[in-house]
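The two complexes that follow have chain A in common; it is paired with chain B in the first and with chain C in the second.
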Partner chain A sequence: MTQYFIRRLLLIVPTFIGITILVFVITRFVPGGPIERMIAEAQQASMQTGGMSQSVGSSIGAATLDEDQIRQLEEYYGFDKPVLVSYWDWLVKVVHLDLGESTRYSDPVWDTIKDRLPVSAFYGIMTMFITYFISIPLGYMKAVRHNSHFDHASSIVVFVGYAIPSYVVGIILLVVFASNLEWFPMGGFYGDEFEDMDSKLEQVADIFYHAALPLLAYVAGSFAVMTFMMKNSLMDNLAADYVRTAIAKGMPFKQAITRHAMRNSLIPIATHFGNNISVIIGGSFLIEKIFNINGLGLLGYESIVERDYPIVLGVLVISAILQLFGNILSDICVAAVDPRVQFR
Partner chain B sequence: MMSLFNLNPLTIKKINRFKSIRRGYYSFIIFTLLVLLSCFAEVLVNSRALLVSYEGNLYFPSYGSIIPGRTLGLGYDYETNYRDLQKKLKDSGSGFVIMPIIPYNPYENDLNDSSFPPFPPSFEDSHYLGTDTIGRDVAARLVYGFRTAIFFSLILLVVSYLIGVSIGAAMGYYGGLFDLLFQRIIEIWSNIPFLYVIMIISSIMIPNFFMLIVIVLLFGWIQMTWYMRTVTYKEKAREYVMAAKALGASNSRIIFNHILPNTVSIIITFIPFSIANGIIALTSLDYLGFGLPPPTPSWGELLSQGSNNLESLWIVSSVIVAMTLILVMVTFMGEAIREAFDPKKHTTYE
Partner chain C sequence: MSEVILEVKDLATEFDTEQGVARALDDISFEVKAGETLGIVGESGCGKSVTALSILRLLPKPAGNIVSGEVIFKGQDLIRLPADDMHNIRGNRIAMIFQEPMTALNPVYRISRQLNETLALHNPEMNKAEINEASINMLKRVGIPAPERRMKEYPHQLSGGMRQRVMIAIALLCKPEILIADEPTTALDVTIQAQILQLLKDLQKETGMAIIFITHDLGVIAELCDRVVVMYGGRIIEQADILTLFDKPRHPYTRGLLNAIPRLDKSSKEVLSTIPGMVPSLFDFLPGCRFQNRCDYVQEQCTQDIPVLESDSDGHQVRCFRFRELLS
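Here is the complex of A and B:
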């Protein structure tokens, strides 16, 4: 078993290289990169100032950047070398935990990401807790009262939650509760007066006040799958021989569930945990965009729109590593909670 | 292959079981009807008239080339404005015009002199769901957007299943180096954040309908491939395959005549969820502005317009209602099909 996980850990390396090299090559060959962007900006600037300062700005006013400047820029961003060479340079830097600098803000990429991580992580962890808190009891009740009115009615709710993508739920919530009823703010992680608030308690309250709608949207997107997983696995276990034996021996139904069936039904839920990791920390950029939350997802989205490739790659590195470790973690969870599972 | 189309008793039983799940069965009927109707959207939602009777001649302008205004007694050579013509002929009595239910096409801007769009829903102007921010009819754009989305996702489904089934079956059946190679490729591929790459690609070029399908397909084939691999792998180990082999059947015969028919009923259960995913993928991309180029009518574009203009509630609410209805219907269908083709019987206790 240990051997298996060591092999899995080692396989992370080629997979990671495969992922990053692909995106690196894409970012390299697409037009509209940082240099084109700067040339365009210089053009704009010269057009605005050109008329007024013809005598001063002979070099700036010369329509665009000249050859030398472009070459300097290319050297600065490593665009002058072949793709694989600059990929190698980039990879060596990443191994030394240096993700480079943003081409737009010239801040270190890692600092930018570090600022955003807690925001996404807050939503991710809260979502996970709320989802478990709803799904496990709901799945339990649906399994115990299978085919009852309660089961059918709640199924419809769960199906609707499953069918609509979570960002659309976000828009619905925004329209109803923020725009029309004005019960909740339109977006942001916290309000404008956050810095001036007196107590920590008030600040926490403010964060949750702003988080209510996005959290609902996140939960709506994830509770359906989890509820059905819980229900189905509990039903499977209730039909298993060991529960039938327990009941045949005269054990009360409730006890048979809590002592025997419930334990085993939580296995798939536990194993699902590892899959969540990247979502927990990465967040969904669609929801972050709708509610204007400065998380990691929104950062990735904005950097693509703005062609800020060091950040694009930085976010990719973080999310790829999280995902790869998350996959292994969920296998470890499977092995940990279920001794019957053997990985070879 | 013929066994796929002959209805054997088992298949009939499955179909009957599907029909008995009313929620899913009615969803299936309504959904199919909507898709069929959307094929003829030009006669339901169009700025061209269904039928024009002018000076004893009958015209059917819905399909075909444009009829210049001069032909119908109007003083211009560009396409007839049938809504004006309708009023005019009504006054003069020299003929009549029958317009479609929604007399607007999804591209035209219906502006008036007194105010600025978006206009709220009004039955007088036949803008049943109002207009968007540049005066295009929301209902018309919803209908044509539905058609785009549904055909996008149907084409995507067929191609991705073709790729997935063939590669997946080959991986599972032949195993060995081929399997290992594709396993690695899939591992790398599935760990790439797919929306991310799609966004990068479509931010550099403006994709058209088929290019967008190819782009989404780049990542869409994985799920089916992986699934088919597992299923084929399992089926291969069963006795009937061994028996076929012992009888000297060739590999292709075993795959096409024996293994594939046994996996069809499971593949079918995936179809509705793939349809929903296709619609969601296109809508999300359009919402973010990385999908089909404007002015293509699309739900995602309406959604983003609506959420940026929350005071014009009719835009966002009509697209959300439409989307919810369709996706919920597809989900009900999927659940019923899964229940009918792959039933889970549970012991329950009294």
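Here is the complex of A and C:
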């Protein structure tokens, strides 16, 4: 077992290199890189200083940044070397925990990510917690009362939640509860008075007050699949021979479910556990954008749009590592609930 | 003769299916006496398992329903017993082993837990150590080597024969008065089969329990049973003590079954007979006798009326209009 996990940990290395090299190469060939951006910015600047009288021509770019400057920039970003060489330089730095600097803000990438990570982790972990907290009991009740009014009514709610994209749920919630009713704030991770609050308790309350609507939007998008997975899995197990054995032993039906069928039903849920971690911490940039939350999803999205490659790669490094560890965590969870699973 | 401890009277069971209501059991009546072994024999699909499940009210819900009849166990009707009282009977006074040992145990729990919980359910006064010891002793009695080690294992670490022994151990833990064994050896290979049958015989001698032994194998019936119920298409078509049934079978179906057993004392040149045709599905039975489409002696009456189960003075019962003519 330990041997298996050591091997899994070692396998992270080639997988990680595979993922990052792919993205690194793509950043080289996608048009609109940081240098082109700078040329464009310089263009705009010169247009404004030069006034509207100067006609917009193709010669202006060359006029604002000369060959020399461009070569300097290329050297700065490592674009003068072959892709693999500069990838190697980048990787060596990453191994020394240096993710480079943002091309937009010239802040260290790690600092930027470090600011966003707690926000994303908070939303990710809370969403997962609430999703399991709703889905497992709800799936259980739906399975036990299969085909009842309760089952049908809750299915409608679940399907509606599943059918509407979570960003639409987010917008609806925002319009109704924040804008019209003004029960909740319009967005942000916490309010303006956060720093001045006296007690930790007040601060925590403020975070949850701001988190209520976005969390609802996140949960609405993720609990449908989980609820049905739980229900179907439990239904399968309720019909299993070993549950009949338990009842034949003299166990009441309810006990046979909670003591025998439940544990088996959690196996597929456990398989999903690790994957959820990375997906959820990565966040949804749309929900983050709607609620103005500065999380990793939004950061990654903005960096791609702005061609801020060091940040793009930095976010990728973090989420790849989360994903890879999440997979191992899944395996550990499955092994914990299912003794038939043995890792060699 | 010893007392009757279980009496099944006019039992009928139906399944709600997508094609409509299927009557899986009709007019089932038989008795089990203390300490005896009653065999129930018949082809696949004739309703043997459904009979066993109906007795213990283990039918799959909500599809399976007992629609009429009584199951009298020592004076109480199990069909109408409150659920709580039924829990005290299952596994404690009437226990059951199933056809499929590979899936009957819970894959995620150790053997120890699956044995111990049965004792804990019915003997709240026993403490954990006593329960564990009793479980180990029971594993020893059903012939499992190194029972202490086996207790710590999971079902997937055991062979099919071992698992069926564990199932038998679970069933016998609370010293039941009746053991229902639903084809306990069908899924096992022949040598293991013989061992398990011998084990059941020995355990019955020790404990004096009655056994309802379900099988499609008349050879096993001959080896084990005192009396036999022959089922066809959800009905009992013949019932007799073992010697009578093998010597003087009355129903054309039973005769067909007996002729289909290969025998060493017959010359190999004699052709082994089979019963032609197939059992219709529950929806395709014609009115009248359910065996009519496969019977050599079918006449007009058989296609119109359902024959009643007639009993002679020795208790030999048969459900056939023509058995008297056929005897001579």
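The rule we apply is simple: the second predicted complex is superposed on the first by the 311 of 344 C-alpha atoms of A that agree within 3 Å, B and C clash if a C-alpha of one lies under 4 Å from a C-alpha of the other, contacts with A are read in each partner's own complex, and residues count from 1 in each chain.
Following the convention adopted for this analysis, contacts are C-beta pairs under 8 Å (C-beta built on N, C-alpha and C of every residue); 3 or more make two chains touch, one makes a residue touch a chain.
Note that the coordinates shown come from a computational prediction; the quantities given were computed from them, not determined experimentally.
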Counting touched residues of chain A, say whether chain B or chain C comes out ahead.
B
So in the superposed three-chain picture, is A:Thr245 touching just chain B, just chain C, both, or none of them (first/second/both/neither)?
second
Look at A:Gln323 in the shared chain and tell me whether it touches chain B only, chain C only, both, or neither; answer first, second, both or neither.
first
Taking the superposition on A as described, I'd like to know which of chain B and chain C A:Leu313 touches: first, second, both or neither.
neither
Tell me which partner A:Ile172 touches in the superposition: chain B (first), chain C (second), both or neither.
first
Quick one: classify A:Gly18 as touching chain B (first), chain C (second), both or neither.
first
Hey, what residues of chain A end up touching chain B and chain C alike?
239, 244, 247
Spell out the residues on chain B that touch chain A in their complex, using ranges where they run on.
184, 187-188, 191-193, 195-197, 199-201, 203-204, 276, 280, 283-284, 287-288, 303, 306-307, 310-311, 313, 316-317, 320, 323-324, 327-328, 330-332, 335, 344, 346-349
For chain C, which residues are in contact with chain A within the complex?
56, 58, 60, 83-84, 87-92, 95-96, 98, 100, 103-109, 117-118, 121-122, 154, 156, 167, 170
In the complex of these two chains, what residues of chain A are touching chain C?
239-242, 244-252, 259-260, 263-264, 267, 337-340
Would you pull the chain A residues touching chain B in the complex into a rising list?
11, 14-15, 18-19, 22-23, 26-27, 30-32, 146-147, 159-160, 162-165, 167-168, 171-172, 174-175, 179-180, 232, 235-236, 238-239, 244, 247, 253, 285-286, 289-290, 300-301, 304-305, 307, 312, 316, 319-320, 323-324
